[in-house]
Each structure stands twice: as structure tokens, then as C-alpha cells.
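Right after this note come the structures.
Next come two complexes, and both contain subunit A; in the first it sits with subunit B, in the second with subunit C.
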Partner chain A sequence: MNEENLNKPQAFEAVLSESDTSTVQFTKKTSFLYSIQKLLHSNPALVPLLVLLASLVIFGAILGNKFFSPFTLTLILQQVAIVGFVGAAQTLVIITAGIDLSVGAIMVLSSVFMGQITFRYGLPAEFAVLCGFIIGGLCGFINGFLVAVIRLPPFIVTLGMWQIVLATNFLYSANETIRSQDIEQHAALLQFFGEKIKIGGAVLTYGVIAMVAVVLILHYILTSTAWGRHVYAIGDDPDAAELAGVKVKKTLISVYVITGLLCSLAGWALIGRIGSISPTAGQFANIESITAVVIGGISLFGGRGSILGMLFGALIVGVFSLGLRLIGTDPQWTYLLIGLLIIVAVAIDQWIRKVAS
Partner chain B sequence: MKKTLVTSALSAIVLCGSSITQAETGACLITKTDTNPFFVKMKEGANAKAKELGVSLKSYAGKIDGDSESQVAAIETCIADGAKGILITASDTKGIVPAVQQARDAGLLVIALDTPLEPIDAADATFATDNFLAGELIGKWAAASLGGAAKHAKIAMLDLAVSQPSVGVLRDQGFLQGFGIDLGDPNKWGDETDSRIIGHDVTAGNEEGGRKAMENLLVRDPAINVVYTINEPAAAGAYEALKAVDRQDDVLIVSVDGGCPGVQNIQDGIIGATSQQYPLLMASKGIEAIAAWAKDGTKPEPTEGKNFFDTGVSLITDKPAEGVDSIDTKQGLDLCWG
Partner chain C sequence: MNSVRPILSAKNIIKRYGNVTALNNADFDLYPGEILAVIGDNGAGKSSLIKALSGAVIPDSGEIILAGKSVQFSSPIDARLAGIETVYQNLALSPALSIADNLFMGREIRHNGILGNIFRKLDKRKMQQIAREKLSELGLLTIQNINQTVETLSGGQRQGIAVARAATFGSKVIIMDEPTAALGVKESRKVLDLIRDVKAKGIPIVLISHNMPHVFEVADRIHIHRLGSRLCEIDPKQHSMSDAVAYMTGAKAPNID
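Showing the complex of A and B:
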């Protein structure tokens, strides 16, 4: 046989000469909608950021300078600072596919401890702050231990802890408020996060700066450290994570302890915000933090979402609340719209998830 | 074994016997929560009076403000327990009425403390603060303190809740009437047309809400110079918001309640004046009424010209204004609660 014959099909293959010779390949859907879906999948904080910008523009257009003043815009930051701290804590737990209903109660108990240790026992404020953090960390550890080692569902564990911590708070404090003026005189450190920096009309409290810093640091830790990636892996699939060598129990406990510590930090910042120490403060912090997390596009099924989204989510709520108040609508409309936002956010999350499957 | 049985049987008989001889008047105190200092003081007053009169008092409370189920269960317990009367601060003033009726049908005297039921005659009597008067006093004081400047006042109204519970409406409208502002419909706030009112916002009656509401209204008009607050924690929160913009010294804050931290805040110049109410008195008068009812069936009479028994209210300030009676903070601290 000569060369030419080799390249020619044999007689019985002759019918194939006209057929398609390309190898197997997947067709790519490149519709516009699909590319959006994919973009959102890889940048989970994008939707809340766009909603935030849109709401700023809309309220700015309606209200003009009253809304777009440095004073008002920084006021929104001040009003969401506490939710930001608690939301950061909540984000960690929700990324592990858990939920923490006790965050607000831990926050208040920590702030009450900080106050009582200074005022009831006359110990220095630095020590009181430390005790507040120990209490928060301890509550977090109990949550983490019950979830990771005893394997109880996080919802149930933290539902129980919420009640226990809140009752402890009321029993221990006898529901007595410590007045702002007393704190200012004897333990000014407790109001540290209420200190403010003024630049023109803008007012930034240390609490706001610390909250933004905490979110940025956690964003770095979650995206760029081994521990952070492990947290995501556990939320996505704990068994697979375990098989891949992640110490699931230890990591889960550490997540809850850090959550507790962040709540204590929120409790400290709360004293700066309201001046006094009130055992009845922060009653809805758990719901508000979950709202911020959900509107921020963080998946309640775990393993996906950006902590920056939580901050945007909290800010969206802040912009809506203040904007609608300024327009002069009944405050109920704020709740109605926020409820709508929550449902839309989760619907978008479900839609984005389809890319993965 | 036999010996143990005999002794326990004996002691059981003795116990029964003693409980029969102790067939003293039973009374129940049901509060919204047992955490609010206002109710803590109420309980204190009731306990002291009950001890004095030999009434056996049992206290119940809802888990949170608004928890009506626990209160209904408490009323049922009191009926089953054979109590002679119930003192109640109802969480749900309409919803509790059928349970209250059940108790009255069973022969118990039911007295509403602090919060009237709806309708008010659903209870045998109501011992409460005149909240409209409480508001009116601070309104008059604010107007008198400002003098001529009252005509150009810019007023922020820091209320309780958007659902406009009656206590919040009465204090709010009382303040406006005292200040000399046309009320519109006195059964709700927010329908006034006077341009001196910058706006109403809600505080939930705590520091956090007070600060936020004050901030919101300051955005609306930074020149606000009179602040009405539903209670002293809300006033403390409003003060923090004013301090953040360095306005704390040129704004007049008034409030209602008369809790000890609130009276101290007047002493320190944070709040200008407050109307003090007397929860301890409500409760001790209530126990007296139940004891009288158990003894000879007399029912308490309402204060003349009002459909409830007024337990009184006093204006507390260290800067008395002409034409408005007041007591100073020293006296106020002796009478304060919480």
C-alpha cells in the first residue's frame, strides 16, 4: 500500500467521508442571563452592593441635600454599627450552615457584665472589659461544643442559649440601668467606642471605624487563610471537608467562640452608642443580624457568600429606615419593604445556586 | 417502714390542719413582666402591704411585654387557687377581658393597675396614673420655662410605638395641650397641624430607640430645641444623640415616669422636668381594696370626676416655673422607684 491509500478511507468506510470529524465537546450557553448568573455566583456581594447604590441614588433624588449630606450619610453608619458587629458574628456561623439566635443576648450580657464588674465590685474598667469578653467567649464555646461535639442542631442550641443568656442577664442585673453620666465619670473606657471624629459635617464614631475594620479583617481571613477556607468547606459539605483533612469539630467550636467574642465587642460598642448600660437593649439584634446577612446575599444553606455582603445588607436596611423616615412615611412601610427585600434576596440566592448544579 | 408511714401520715394531717387554720385572704399580682423596675416596685409595694394585712400574695408575670397567654394562665391559676382578688397590669388590654370576666364571675375582685382595660369597666376598678395630666404638667412647665420663645419652639415628639398604645397617646397629647398646641383628634398623635412640631418618632421606651428617634428628627430639623419623651430611658437616649452634635446644653428635654435614674438625670441637668408616677402606691392600695372586699364586700370607688382611681402624679424639676406646681429632685428621689 502506498501513502495515499493510508489517508483514504477503506471501501467500507467510504460513507463516512462526509460526516463530522470534530471531537466530543460541551456546548456553552452564552446567553446574557447566564453570564449574569455566573458573575453573581462568583461575586456574591455584588447584588447587595448594587441595591445599596440604587437605594442611595433613589433616596438622594427624592430628598436631595438633606439625605446626601455628610451628616446624614455618616449617621446611617452610626445607626448600623451595632448590627454590623453582630452581623459579622452571625455571618461566620451562617457560612458553616448554622444559625445563631443568641447573638443579641450574648451582646447584652457582655455589656451588663462590663458595667456591673466596674460598678458593683469597684474593679478597674480594663478588667471589666476583659471579663465581658470572657463571658462572650464562654457562651460561644458552649454553643460550639453542643453543636460540634454533641451534634445538636444549631437552631435548637442557640434558641435555648438565647433564653438562658437573656434570663441570666435579667437576673444578674436586676434589670437596673447604669446611667451614662456615672459611666462617664468612673469608667470612661466603657464608652470608648462612642468617641467621635468630626470631619466637616461627617461624624465618625470609633464604633463605626472599628466595625468596618472588623468586617474587612474578617473578609481577609475568610478569603485568604486556611482557617477561612475551612469554614466555607464545612458549610458546603462537612463530610467532604472531614475527608479532605479539615478538623471539623475544632473549627466549628472556634467559629462559635469567635462569634461570642464578636458579640462582646458589639456589647462594648453598644455602651458607646447608647451611653448607658441597659439590660433591655438589643432585644432584636439576632433578627436584625440575620436580616443583614440574608439581604447581603449570604446563603442560609452555608458555604457561600461574602461578609462584605452582610455589611451592604445592614447598610441597605439603614438607608431604607432613615430615608423613609425622612420622607415621612409610616414606619411600618420600612418593615414591609425590608420583608420584601429578604424574600427577594433569598429568591436570587436560590437562582444563583443553580449555576453550581 | 411502718413508723415512717405513720409519721408521714401524721405530718400530712398536721400540714392539712395548719393550712386550714391559715385560711387567710389570697390575692394575686399579675404584671406584664418581672424585669421592668416599674413592676418590681409594684411587687414590692404589694408584698409589703400584704404582709401588713395578713394577705397571702402570689405573683405572676408574662415572659415579655405583650405575652398575654401567660397572663390568662395566671388568672386561671388564681381562680383555681381560691384567691379573693387579682391585681393586673394587662399586656393585651382587650384580649384579657374574657379571662377577667371569668374571674369576676367566680367572685374575685379584679383591679387593673397602671394600664386600664378596654373597656375600662371590664375590671371592678382601675388604679392608675392620670397619664394625660402627667403629660400636661411637663407641657405647661416647658412652655412656662421658655416664656416668649415658646411661640417659636421647634418640638420633637419621642413616642412609644407606632401602634399608639393609650398610655403613649395620653402622655403625648397631654404634653401638647399643656404646651398650648391644638390637638386635632385627642385619641391619636401625629394629626396636629402646628408647625412648631418638627415630627413624631418612636422609641420603644428605651435608650437605643430614644437615640435613634432623636437622630432621625435632628436630620429633619437640626434646630430642634424642645424634646418630649415617653419615658426617662428614651430621654437618656435622646440626650446622647444631642451630645453627639453638641446640642445638649441648649435643648429642653421633658419626660414622664419618675424612676430613680430619671430623677438623678434631672439633678444632673440632663432632663429638665419629669412627671413622677407611683407604682408602689397603686399596688398597696390594690391590696387594701382586696382585703376590704374579702372582709365585707366593699368595692373601691373611682376618684371623683374620673373613671379610675387616680394614684397621683407630681412634677419634678429643680427649675420651678411660674404657675406650675412642682417638687424638687431631693423629694423626688425619696419617692422614686427602680
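Showing the complex of A and C:
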């Protein structure tokens, strides 16, 4: 190779100057369908929001004022409050491409702890609530440590944790329920989230308000803080995130600890919702939280989705259950329709992801 | 050249993995403002050398000197803080996040005052503005929307984003690992132009590549790695590609240098 040729394009590249400069034209892809696909790709909570509005309209049309009353609509909110808390916790883990099967168990254990510490040991309710949060955070930390540091799959870790926590819950509580009247008399703080605000026919509990607030705060954190962006980056590609300078282990552990704390909050709100403290409460919180997340358009493969979608997903389930109950159908129809919604939601997720390729 | 002190150099680096000696008293010198290509056969230890320089591998012994000071990196983040940026072969980008998000990943800018300190709010507008500036500096503004996700970009554009990230933060040295390996002819051309643009900004570059035409086109000097150490450094103007290949495979011994 002689000197003049250096620092110049190579011979075979000389033809490049005459090459076609037009880019590939995707005539097909400017279609209406593609616009929708692209819109959903950048606004993942849009599908569940539209489904929610559509289901409100449909049930409203069938049931009229029986459904469209402030009382009924706020009743739906009360019924999804617990799922909303647990779903918020589940959302964080699922965005990191994990899954947490122990959320329901941690919630129940926390509520049992809050009750037992007050009633068995006679300690103040404030201290009992604090202990509930500590136990939730601790369970979350163990999950996070096993996933992030020991590198075990989240599914396995939380499957094991679910059994361990649930068994601990039954052993520790001796399968004993604490009655609502006792809590009301001696430790009203435990029922704090059951307090109601009535505006006309609408009934809002503190639990509902707190749940919506938690979702909005987490939405802010996930979209507008560095930690939130890192959570998405880890779900997207943990190795790339690490090389780009994200502290993957620390962030993952913090996600699981916050998830545990949110489960404790759900446990506290659960006492307000059902009044009593029962080790057998909230059996379906796991599945219901995953359902809300999936219907909410959050990708189970991680890195995509909005926590607002989870709230819409939980509300869709709430609207369906109450709407169908008011119509008077067999409750099995609810499960059948929710099942369909889950599959459709995942199919839509896969379709939206194709916009990238 | 010899009157100028190297910006980054390594002396007698040794790295063993069990019985395998990946680096055997390896030396390395990068001078200010140059593009140094590192070539070597597979298994010659060039990626171990690069990892030692970028903090991904901790050498068993030897010394790394950056801008006249002895340094020890225990992680890639250490090396980055010292001013050495690496463009990895897999690019280390998050496909579902935006260009601006990726450019500032791990180094986000927060708002001033309470909004930033207490609410930890990111200054997205500022980050987008800097991202736009950096991309246009490198002639990458064929990308219209700084908020589009990386997965919607072509391979060459993605490479461009990774290079732009390195150029934005790399104050002393940029290491590029096989930047043209996965690209087509046209896109390779763009990346090579990009490498020259970065050099024009005065930042020295270490280029690892198997592509001899690309190496001979952009490199000021070529470091040939063989059997765990530096065999020689050659001037691409005085040696042919077949010389380089012969040296790195051991078919011919380098005469001088």
C-alpha cells in the first residue's frame, strides 16, 4: 500500500460516492395500523386505559345508574385498593425482568406481625406497624440478595420465599384470627386505612387514597429519577446497564426491598379493608397482582411498561367483577373474561415489541 | 514521537488465568492525539490487555500510567472516572430506552435546587440539549428525534450513539473494541469518519480491530500483540498489510522498531 492511498477511502469504496442515497422506503409501514403500533410502543398504558374506558361504557350502558353511581364506582376503587398496592410492588420487580411470587405472603405475614406484636406482647400499635415494615423489608432484602448477588432466578427464589413466608405466617400466628372489634378497641391505628371519607354517595377510604398516591409517586420515580431509569435499563439488558455504569446489584436489591416494604403497606391496608387480621387472608394477591400488571401492558420480559397501566389493569378487573356481579351472571364468567384479557394483553405486547424490528 | 510522553502506558503487565498466561510482561504506549490500532491473532491476549487498561480485568502485576501518574483500576467505573471511556463490541446500550437516556446512563444530570436534591428530578431538557449538541458535533444528526428509542436505530447509528457517549465523557482516552465488526460497507465508512472526527477533537483513540484495511486506513501507529506481549509497533506508512499479518501470526519476524 503506498502513501497516497492512506487516509483515503479504499479503492473498493470509491463507488460509494455514486451510490443511491435514498433510504429504504417503508411504504407499507406508514399505514394506519403501523401508526397505532408506534403510538402504543411509546405509550404502553394506552391500551389498558382504552379497555378500561370501553368496559365502563359497556357496563354503564347495560346497567345504567345502578353502575354509574358514585357509590358503585368508588366501591370498585375500594375493592382494587389491595391489589393496587401489591400490583405496584409487582410492577417494580417485573420491570427488572423478574417476578415476585412472594408478594401476597409477605403482605399477610406483615399484617399478622402487626397484629401479634400489639395483642400478644401488648406493645404499642405504632411499634407494631414499624415491625411489620421491618419484616417486609427484610423478606424483600433476602429475595433481592439471592437474585442479585447469588444470581438465582427470581421465579425460583420467590417461589421458595412464598412457601417459607406463608409457613412462618401460620406457625407464628398459630392460625389464629384477631377479631375486628378487639382491634377497634385496642389498636385503632391498625385499621387506619379503613377510615372513610364520604362525599355525596362516593365513599373513599384512606386505603384507596394512599394506593393512588403510591402509584403516582412510583410513576414519578420511575420516569423522572436516575434510579427509575436504571430499573428500566436493568430489565432491558443487565449487562449493558452494568457496562454503562449502572450499579446493577445495588439497584436490584433496592427494588426487592422496596417491593417488600410496599407489601407491608398492603398488609396494613388489608387490616383496614377486612377489619380483622387473618393469616388466611389475601390468598390470591399473588395472581391478582400479576394479572393487573399483565393486563396493564407491562412486559413480562422486562424494561417496558408504565405503572399507570398496572392501575388501569387492576381497575379493569374490578370493573369486570362488579359489573358482572350486578348483572347477576355466574362469577365464573369473570374469571373466563379475565383469562381472555390476559392472553390478549400479552399478544398485544408481543405485537408492539415488533415495532422495533 | 519519542520526545512526547505517552498519555497512557502499561509496563510489564502480567495476567494469569490458572495455567494460562494471557499477558506476559506486556507493554503498551499511547501518545496524545494519535489513533493506535491494536492487532493480534485470536488468543494473543489483546482483549486481556484492553480489559486491563479499561479496568475490566485487574492485572497480577505491572504498572499502568495515565498522564504521568500510576493508576490502579478495580472496575470499569474507576477507569471511566479517570477519563478512559470504552466502546464495547456489544455497545452496552439499552434498546428500549431513548438516545438521551442511553447517553447519560449512570451519569444523569439532576435539576438544580430542591427539585434535584430532594425530589431527585432529572433535568431531561438539559440532557436532551447536550445529547443533540454532541450528536451534531459528530455529524450524527440524521437522527431527528433524540427521544426515539435505540432499538429503532440502524446498526451504524447505534455504534454512533455508543461512540458519541464515549466522546462526550472520555476526557483522556477512548478505547474502541471492534467498532466496524458488525457493520456493512457504508456504515463502516461512517464509523471510520466518526473515529477521525473524535481524533480531530484531540482525544487519542485505541482501536482494536481484525479488519486490516480499516486499521491501515485510520491508524497512526499499529501495536502488534503476539503470545501475550507486544511484539512490535509499526508505522502503517512503512509496512504493508501482509507484513502486519505475517508479524502477528509469526510467519515473519519484525526486523527493527
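The rule we apply is simple: the second predicted complex is superposed on the first by the 329 of 357 C-alpha atoms of A that agree within 3 Å, B and C clash if a C-alpha of one lies under 4 Å from a C-alpha of the other, contacts with A are read in each partner's own complex, and residues count from 1 in each chain.
Everything below uses one rule, namely that a residue touches a chain if its C-beta (ideal position, glycine included) is under 8 Å from a C-beta of that chain, and two chains touch if they have at least 3 such contacts.
Here the structure is a predicted model, which is why all the values come from computation and not from measurement.
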item	value
Subunit B versus subunit C as contact partner of A:A233, first or second or both or neither	second
Partner chain in contact with A:P331 - subunit B first, subunit C second, else both or neither	first
Partner chain in contact with A:T177 - subunit B first, subunit C second, else both or neither	first
Touching partner for A:I142 - first (subunit B), second (subunit C), both, neither	neither
Which superposed partner A:C131 touches (first subunit B, second subunit C, both, neither)	neither
Which superposed partner A:L204 touches (first subunit B, second subunit C, both, neither)	neither
Intersection of subunit A interface sets (partners subunit B, subunit C)	none
Interfacial residue positions of subunit A with respect to subunit B in the complex	66, 71-72, 75, 78-79, 170, 174-177, 179-181, 194, 196, 203, 205, 270, 273-276, 278-282, 322, 325-326, 328, 330-332
Interface residues, subunit C side, partner subunit A - complex	76-77, 80, 86, 88, 90-97, 101-102, 105-108, 110, 119-122, 124, 149, 151-152, 165, 185-186, 189, 213, 216-218, 236-237, 240-241
Subunit A-touching residues of subunit B, taken from the complex the two chains share	35-37, 40, 162, 199, 201-202, 206-208, 211-212, 215-216, 219-220, 233, 236-237, 239-240, 243-245, 261, 264-265, 268, 270, 338
Residues of subunit A touching subunit C in the complex	1, 3, 6-10, 12-13, 16, 19, 41, 221, 224-227, 229-230, 232-233, 236-237, 239-241, 243-246, 303-304, 355-357
